[in-house]
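Listed below are the structures to be examined.
You will see chain A twice below: alongside chain B first, and alongside chain C after that.
Our next item is the complex of A and B:
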């Protein structure tokens, strides 16, 4: 009886450990999804290059660490600067040229939306391949001293410092973004442009500058997510942006495309369900859980679980 | 009459006689390989153009159907010894069934939601090919797929493979041409421009979308079976998201909605990276740059839809003129 009970409780602890790990994976998706959703909500276009901003942020941080080994806060500030430049460049390169026409019909037109979708896709391919040319396609380890993998034992559960850092960063980013959106002037203009770009223009908002600001804020968040995740997992590689980028995308769609809290909740849900799925399925199959949820959401809740009403989906 | 067959005659002569003769004289297996790959991608690009260009449904998972076709052909040929004359159509049918199964639940979605759903479906199919190790051998892939051999006739050499692929490509292009440049194609273009409006004009939108998906996936499956038979080895990595994007780039570069554009785009994006090989392996960078600059500078593509329709009208005469029994349009 005692032995049986002990076995059960060990399974329980193992299961809770899995949930903890799944939660931190979900937070990783959430970190990316926040920036993704911010950009989608404003421009109503999908930014396929967000995963590459994440990857560039991670590489920039790792290069800095390898060269100078500065403290974590300096690395984060440097990566934020890189992310801001990347977001600005991305907007100028892949989105601005397709906003030539400002009338209502072309702002809503399918052709424009698909042009920016394809141009951001093209930019993401080029950036990823250039990084692969410069640094090689293989995994590049992060210097051991900088890794956030120090274990912390709490009862039967073991955490790592990286999990706390990612949790803290996710909370800080989410709170910071809510503050930015609802308590500052630039946030007000971002929400105005998100709501109605033409109307925002009529009341004197500089839409061009607002869109740049949105890209910079979203990309800074993506880049910081990249370096934190790289330090947590201990390596970077050119294709690191793709899988979490797609998962973040799925979380955004499940959350209703323009709802940031919805995207965060769905990202954590995805991470948890992948962790639970590894209990029952092989690793490869559990990767597919996210896509299964995506299809179920699109079929049964086409506006997302937390989205407002939309015309058509 | 002579006007109507001039263009097919020129294209047929060039592809079936001139080019293989030239390649044979140069005697280069490498150039044969590049041409075969280009022709397979012409079929793929033409079929994606049918969904995305003509019917306006942005599909980001086309490589998955290509993969279904390749795996069907490879498994039939290696496990059951089915000859290639049967595996090619069966691969097409399997991919078409897959396409209909994908289309059924996603049919009601429009624009980006549909694109995301096809991306998800593509990844699910790729994951299945990768993880169903008992059936597909997973990441090890399927080796030793027999080449083209039929009735004691050995077509497995460079020239033989080239001719088989060329004939299949020309037949596929002809079918897609007849579907695109006809009343049926006009209905699809109406669907692309405004599906609610098309619906209110009496076009059965849901049925058409399903048919378009089935037809395009059929040809993608055929392209996959040709790939399996000509390379002799396939693995799930050949059918990833990157390939879907490559095919999408081809039709964007060539011009969305234009069948000759799809051909031009496919040939360009296969031959250009090969031509750049001396510079180094910059294949995907070249693809990305070509895609970006063509969207920026040539939003209608190298061979836009309007010029394509004009070409078809001038070469096949009867476009939108009253014909037999007062029927207007291409027949």
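Our next item is the complex of A and C:
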């Protein structure tokens, strides 16, 4: 009987392996999408520089590893600090200047909101160029000892340490953020500003400080995602934030724009779909999956896959 | 009575457009003062300027004699000026309890529990709805929540911007009873209203605004008899 099903079970294991890999890729998208969606939920604008925060986090971590080879936890703490500074700077530079207007025309104007799309895009281009000038445009390998590519065999399936680390990080970030948002004072303020920024002023919330806090939290998550993914894939390069940033954006739109759980689920779904698609489509075509999903979502589910409840953050 | 809030020659502009062109008014400690005026004369702008939401371009706002213009909205709330704003501005996606908690600011523990109990005493309906999304409440309940949220901040001065707008007559009466009850508890009130008749009945002092200026002022009881007021705001009937 074993012999009879052997061929089938091998296919099965291969397929499951693809799903495992797809799940890991989906988690990478989710790590980026969490911070992205948090910031969108509060400001209702896309932060185009999130992918660059991810990239800067990765480079900062690799520089530290190359210089001192500290333990992973120290690398993560350092990258968190870099992410916090990056988030703060980004908000001051690209977002704050467009919030000083109080007249109705500016508050309602789309141009005003779209201005921050361009200002964050500008910051992202400048940052990418600077990193390219400093470190070169080519892929830089992560020092081998630090890579999270140690294989772990479980039955027919092979995992790598990086997959477990990324899974752990995704769970920790998601749970940590839910705790922050639903169990702490600053989280209450963040949700209030996301829900009604004017109302938040009336109850005495310092909205400026809350927005900075949101950027810091979102960027810390983005930066940590960057270094972990770099250790998992084993390299960094200046444009590394672009493709996963696009996927995270698609996941955010599919999830309903401002729902973090929705974005996480859709990110994983996207990763799985891409993995399955490589089974049936020629190499390269799987890139179309994300854009296809984006179009289908925008046409058939303009408020996201999980219905119209625009429950911000 | 000493003045809690003094406003002198207040000017607010939006871009090049002047909205308030020299407004002066006083709210005494523990008093009820009402500001009347038709749509678009600048009442809400005045309230937002006091709360630090709009920048002031000239003049003075003083609390206990100390200037407060230029402070941020959160600093003004901390000084004891809370507002139940026009349009309510509640947090519709958050629960009723979360809305009230946000009103309490940094206060937690005993002080917070006591305030919550006091607010629930005023609005028993809200307790039944604690875990519901604020957006699912009826208009009247949302107004209660809006006022309750402001009271959670333990204001010395409560600003109320058209609290009766869009409510059924029975609820309107409740709101004005509430205004009187809040004052009884020691909070001064600055009340903006379209319902001039009810506002003049509950207030001590009244001001009438027209296009960014105060055009008439005096004790509420006197203004209620003023023929100009009766013609413009009380439907013109002379009983």
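Definition applied: the second predicted complex is superposed on the first by the 295 of 313 C-alpha atoms of A that agree within 3 Å, B and C clash if a C-alpha of one lies under 4 Å from a C-alpha of the other, contacts with A are read in each partner's own complex, and residues count from 1 in each chain.
Assume a contact is a pair of C-beta atoms (placed from the backbone, for glycine too) under 8 Å apart; a residue touches a chain by one contact, two chains touch by 3 or more.
Bear in mind that the values here come from a model prediction, so they are computed numbers and not experimental data.
Using the contact criterion defined above for the overlaid structures, shared-chain residue A:298 touches chain B, although it does not reach chain C. Of the two partner chains, chain B is the only one touched by A:130; chain C is not. When the shared chain is aligned, chain B comes close enough to touch A:288, but chain C does not. By the touch criterion defined above, A:191 reaches chain C but does not reach chain B.
Touching more residues of chain A than its counterpart among chain B and chain C is B. When the two complexes are overlaid on their common chain A, residue A:183 makes contact with neither chain B nor chain C. In the superposition on chain A, A:201 makes contact with chain C only, while chain B stays out of contact range. Of the two partner chains placed by superposition, only chain B is touched by A:117; chain C is not. Under the contact criterion defined above, the residues of chain A that touch both chain B in one complex and chain C in the other are 312. Contacts from chain B toward chain A in the complex involve residues 56, 58, 105-106, 108-113, 115-117, 119-121, 123-124, 127-128, 130-131, 241, 245, 248-249, 252, 282, 284-285, 287-289, 291-292, 295-296, 299. Here chain C touches chain A in the complex through residues 14-15, 51-55, 72-74, 76-78, 82-83, 85, 89-94, 98, 101-103, 105-106, 149-150, 153, going by the rule given at the top.
Note for the complex: chain A touches chain B at residues 46, 94, 97-98, 110-111, 113-115, 117-119, 121-126, 128-130, 133, 242, 246, 249-250, 253, 282, 284-285, 287-288, 291-292, 294-295, 298-299, 302, 312-313.
Within the complex, the chain A residues that touch chain C are 102-105, 185, 188-189, 191-192, 195-196, 198-207, 310-312.
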